[in-house]
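Listed below are the structures to be examined.
Below, chain A partners chain B and then partners chain C, in two separate complexes.
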Partner chain A sequence: MRQFLIKRTWHALLTLFVMSTVMFFMFRLLPGDPTATVISPALYPKAQEALKAQFGLDKPLFEQYLIYLRNLVLLDFGISFHTLRPVAGEIGNRLINTLVLILPSMIVAYAIGAFVGAMVAWKRGSKLEGALVLIATALQSTPVFWLGMLAILFFSIRLDLFPVGHIVSPGMFPEANLQMYLSLDFLHHLALPFMVNVAYQFCFPFLLMRSTMLSTIGEDYIELARMKGVPEKRILYHHAMRNSMLPLATTLPMILGWAVAGSVVIETVFSWPGLGLLMVEAVGRSDYPVVQAAFLLIAVLTVAGTLFADVLYGILDPRITYQ
Partner chain B sequence: MTNQDQKSILSIENLDVDYRVDRQNVAALRDIELSISKGARVGLVGESGCGKSTLLKTIMGVLPGNAEIRTGKVALNGSDLLSMDTEERRKTRWADISMITQSALNALNPVHKIGAQIVEAIQAHSNQTTIQARAHAAKLFEMVGVPPGRLDDYPHQFSGGMRQRAVIAMALALQPEVILADEPTTALDVIVQDQIFERLFELQDQQGFALVLVTHDLALVVESCETMVVMYAGVIVEMGPTHQIARSPQHPYSAGLRYAIPDPTADREPISIPGSPPDLSVGTKGCRFAERCPLAIEKCVEQSPELKSTNNEGHKVRCHRSAEMPDHLEQFQHQAFWRNNAS
Partner chain C sequence: MLRSLSKFFAIIWQSPSGRVSLVICGICVGIAVFGPLLAPYGPTERIYDDAGKLVRLSPPTLDHWLGTTLLGRDVMSQMLWGARPALIIGVLTALGTVIIGVNIGLLAGYLGGHVDNFLMRLTDIFLGLPFLPFIIVLLSLTGQNIWTIIFAMMIVMWRSTARIVRAEVLSLRERQFIAAAKTTGASDFDIIYKEIAPNIMPFALVGVTFALAWAIITEASIGFLGFGDPNVVSWGTIIYDAYASQMMYRAPWWVVPPGIAIMILVTSVYFIGRAYEEVVNPRIKQAG
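Right, the complex of A and B next:
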């Protein structure tokens, strides 16, 4: 187990290294001069040179790359071209905003999806099952931005129940702090994007759990448990659901990284000042340091999630051994 | 008969079970009549699809959703299992009748420790603490010949033979009066098969449970069971003392099974019964074996035979021409007779 962890961590680091290298050169290959947005062409050439030197852009590409790598190891992500403040601070705040939206909604979506999926499979053939499968399949193939816009149109504009967007009302909290995240105003803003995300993310665990359950129910060990006189509730939880959880549990951590990346769409629709919206803004401004750091963060989340899933699967399924 | 009824622990009376397949009813079991005495060892033979497993599932009460018990009674110690409510039924399972399943690997939940799965069975029927139940499980392991230290292993860590022993240990857990064994050793090699049966029969002698052994292996039944039941296409075609059926089968199908086993002492080739089992759709008439039977006559196609006693030792047969069987036994040993006369 320990050896496996060391090996897998090593693999994960290697993946991140390759990832960051590819990212570095990819951005440099993109057309357009990023400095154009920060360094006004109206400046004296000397001043332009000085500014370029400040960002380290006067050095040869390979040297820039080495500096980039050294800074990564030191967790120094540089200075935003746009705000001229350290990237780490910029991203940190936005990441928290993303996590308070994405994490709870994913947990709720998975908990409900898995439980409801298991229950409808257990009572196979009900009308509710048919209806839910239809709804989930439809929702899953709905673009989430469209779902978000419909929700805004109906709940915010038509019914005036929720604000149209943003994380808090303008001017309420000039600084993001704990008080803000605990305020009713924040929760009021959170509600709609939260529900849209739950509705969208609910489908996958629901459908997966249902189909896994349906095949688990036919297993011999379920029949044996019944023959043993084990009470039905215990068969459901201890045997059927426990075993059906396995495929779902592996997808959960990976999907977390993926969901943070996917927050781009939902945050744009709801003007939610999270990491996703920051990325959209930063790409628009050719703000390399911010974009690089944001992409890297998502890569780290995905790689870490995968590593976690591997370990989790080993704990949940004794047949998996680490070698 | 009265005498036998008193000793009888499990008795089944005119049981009919249908399966609903593609909006059509299939007669899976018809007119099953069976009485298992205390401590008896009964062999149940028949080819795949003849209803053996359906019969066991009916007794255990785990028939699939598309099955329907039309009529009949399955009585354990005189009380009818089929008319019990769910909770009463749950309590009788395993405590009174347990089962050794066909595939031990699939029957054990792969994510739970084997010991825990035995403890689960014990605790479903008693107030024993986990520690008491574990101690009991350790004793069971010793009885079937698995080191008790391996209670905390997972099923995949056991060899095939050990898994089967573990499943037997589980079946013994609550000292049931009847154990149903559904082809318990099909997945194992012959040497391990022998060891397991030897241990199982020893345990039966010690504990006195009745054992219903379902198998394709006629030789095993002839060797070890005092009573045998032959099923074909959902009905019992012949039942009685094993030595009588083995020596002189009264039903052509039993004769077919009997002579399908290679016999090294006799100078003959094993025969095979031509044709395949009939369509079981509801509403067919006549003897179900008629189309494969060399002795079939008009009457066999028209009218289904009843299960009747041939003597007072409990030998019963379902055949219009059973009285003539002794005269034809010699012919039944030759493949040509089967091929030429099957209608």
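Right, the complex of A and C next:
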């Protein structure tokens, strides 16, 4: 077990290292000068050089790369081209905002999806089953930002039940703190993006649980349990559902990764000030230090999610061998 | 190749949901091919009324079945023009994705050892890569046109196909016909591409359908985030235009149709993939 943990952690770190390296060289080597927005080509050459030196861009590429890696380890993401303040200070709140939106909706979506999927498979062949499969597939096929727009159109504009976007009402909380995350105003803003995310994320666990259950129900041990006279409810919850959970656990890291990466679109629709929206805005402003930092943090979340689910899976399934 | 394709359609045609889905996809392909001929206006043509005034944000009327946009463009025409880029980008991305994925899976699974280790580590790294954020960064650096969009999606999406194909090759490798081919002195290249590859075809086709579904949605998302090809009207960029103009909530006729079109098309692609998968390989569950 310990070796398994060490190996997985090592892989996760390797993945992050490769990603940050790719990021570094992508910005330096691809066409388009990312520094053009701060270091105007119209400046005197002397002034350009001075600015370059200030950002450390006058050094050889490899030395820049080493400095970049050292700074990453020290969580120093440089200075925003836009606000001219340290990126690290601006990004912490964004990270929390993304997590409070994504994590709870993922958990709820997984729970509902797994449960409904199991129920529908248990009573297989019902009209409800066909309808739910169609709805779930259609939802999965819908661009989530469009779903968000429809939700705003209907619930916010027509019915005036929820705010159109943002995380709290303007001016309510000048500074993000615990009080803000506990306020009713915040929950009111959270409700709609939360529901849209649940509706969207629900499909995958639902469809997967249903098909796994359908094959589990055909297994011999279910038949055996029936013959032994185990009550139906107990067969459903203890024998069938439990054993059908494993594929859900294996796919969780991938789905978590999608959800975090997909936060880019959902945050944009709802003007939710998380990492995804920050990244999109920063790309629009050519604020590359912020783009880099936001991307890497999203990558850290994805990789950490994978690692977590891998370990969880190792604990859940004793058949896994730790080699 | 052709035989597997005709078998592919025959299998799907057997299931009712597959049949409906095939018809829907056929209609979409028809719109992609002939849509521009049927469209009453150009995709970016501005429409003026008799008095010479721009027809802005008109709700659906007999002249404009789906209304007009803020810039006085006919939504119906845009929808007909927009199918083509959505499908071209989707199909090319799906094919490219699967070609890369199948090759990497074949090489890793057959050659094993260090090659396998390296390729699978690479696949893991790509699996950890945040999909949309990476594509956005890439597009912001390479510029945005149809080809960079296809390229950006392709170099990330091959990862799931590679994994599935590798797993299958691992078991095929131990079969007798491979050993037989080896004793006749067939080269590794011949064994991989003449003996193993044909057996991978069903997986490749399932991969193509799921990649197609995913690529169409992603193309729309890229368009929505404002990173689409600025010179091309696709279903995704119609939604983006509505969003960017901030008129989307006043003009539902503008945002609703492209979303529905994407939803219907992708749903039917999913059902095709599933109908085929259920018959060819009841075991595997592919996610994306």
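Everything below uses one rule, namely that the second predicted complex is superposed on the first by the 311 of 323 C-alpha atoms of A that agree within 3 Å, B and C clash if a C-alpha of one lies under 4 Å from a C-alpha of the other, contacts with A are read in each partner's own complex, and residues count from 1 in each chain.
The rule is short, and it goes like this: a contact is a pair of C-beta atoms (placed from the backbone, for glycine too) under 8 Å apart; a residue touches a chain by one contact, two chains touch by 3 or more.
Note that the structure is predicted; figures quoted are calculated from it, not measured.
With chain A as the common reference for superposition, the partners chain B and chain C occupy compatible, non-clashing space.
Measured by the number of chain A residues touched, the leading partner among chain B and chain C is C. Shared-chain residue A:268: touches chain C; no touch with chain B. Contacts of A:276 after superposition on the shared chain: chain C is touched, whereas chain B is not. In the superposition on chain A, contact of A:239 is made with chain B only, not with chain C.
Within the superposed three-chain model, A:184 lies out of touch with both chain B and chain C [touch as defined at top].
By the touch criterion defined above, A:75 lies against neither chain B nor chain C after alignment on the C-alpha atoms of chain A. With both structures placed on the common chain, the touch criterion links A:306 to chain C but leaves chain B unconnected. Contacts of A:211 after superposition on the shared chain: chain C is touched, whereas chain B is not.
When both complexes are overlaid on chain A, the residue A:146 reaches chain C alone and has no touch with chain B. The minimum CA-CA separation between chain B and chain C in the overlaid arrangement is 15 Å, rounded to the whole angstrom.
Residue ranges of chain A in contact with chain B, taken from their complex: 219-221, 223-231, 234, 238-239, 242-243, 246, 316-319. By the touch criterion given at the top, residues 60-62, 90-95, 98-99, 101, 103, 106-112, 120-121, 124-125, 154, 156, 170 of chain B touch chain A in their complex.
By the touch rule above, chain A contacts chain C in their complex via residues 11-12, 14-16, 18-19, 23, 26-27, 30-32, 34, 134, 137-138, 140-147, 149-150, 152-153, 157, 204, 208, 211, 247, 251, 254-255, 257-258, 260-262, 264-265, 268-269, 276, 279-280, 283-284, 286, 291, 294-295, 298-299, 302-303, 306.
Only residues 121, 124-125, 127-134, 136-138, 140-143, 213, 217, 220-221, 224-226, 236, 239, 243, 248-249, 252, 255-256, 258-259, 262-263, 265-267, 269-271, 285, 287-288 of chain C touch chain A when the two sit together in their complex.
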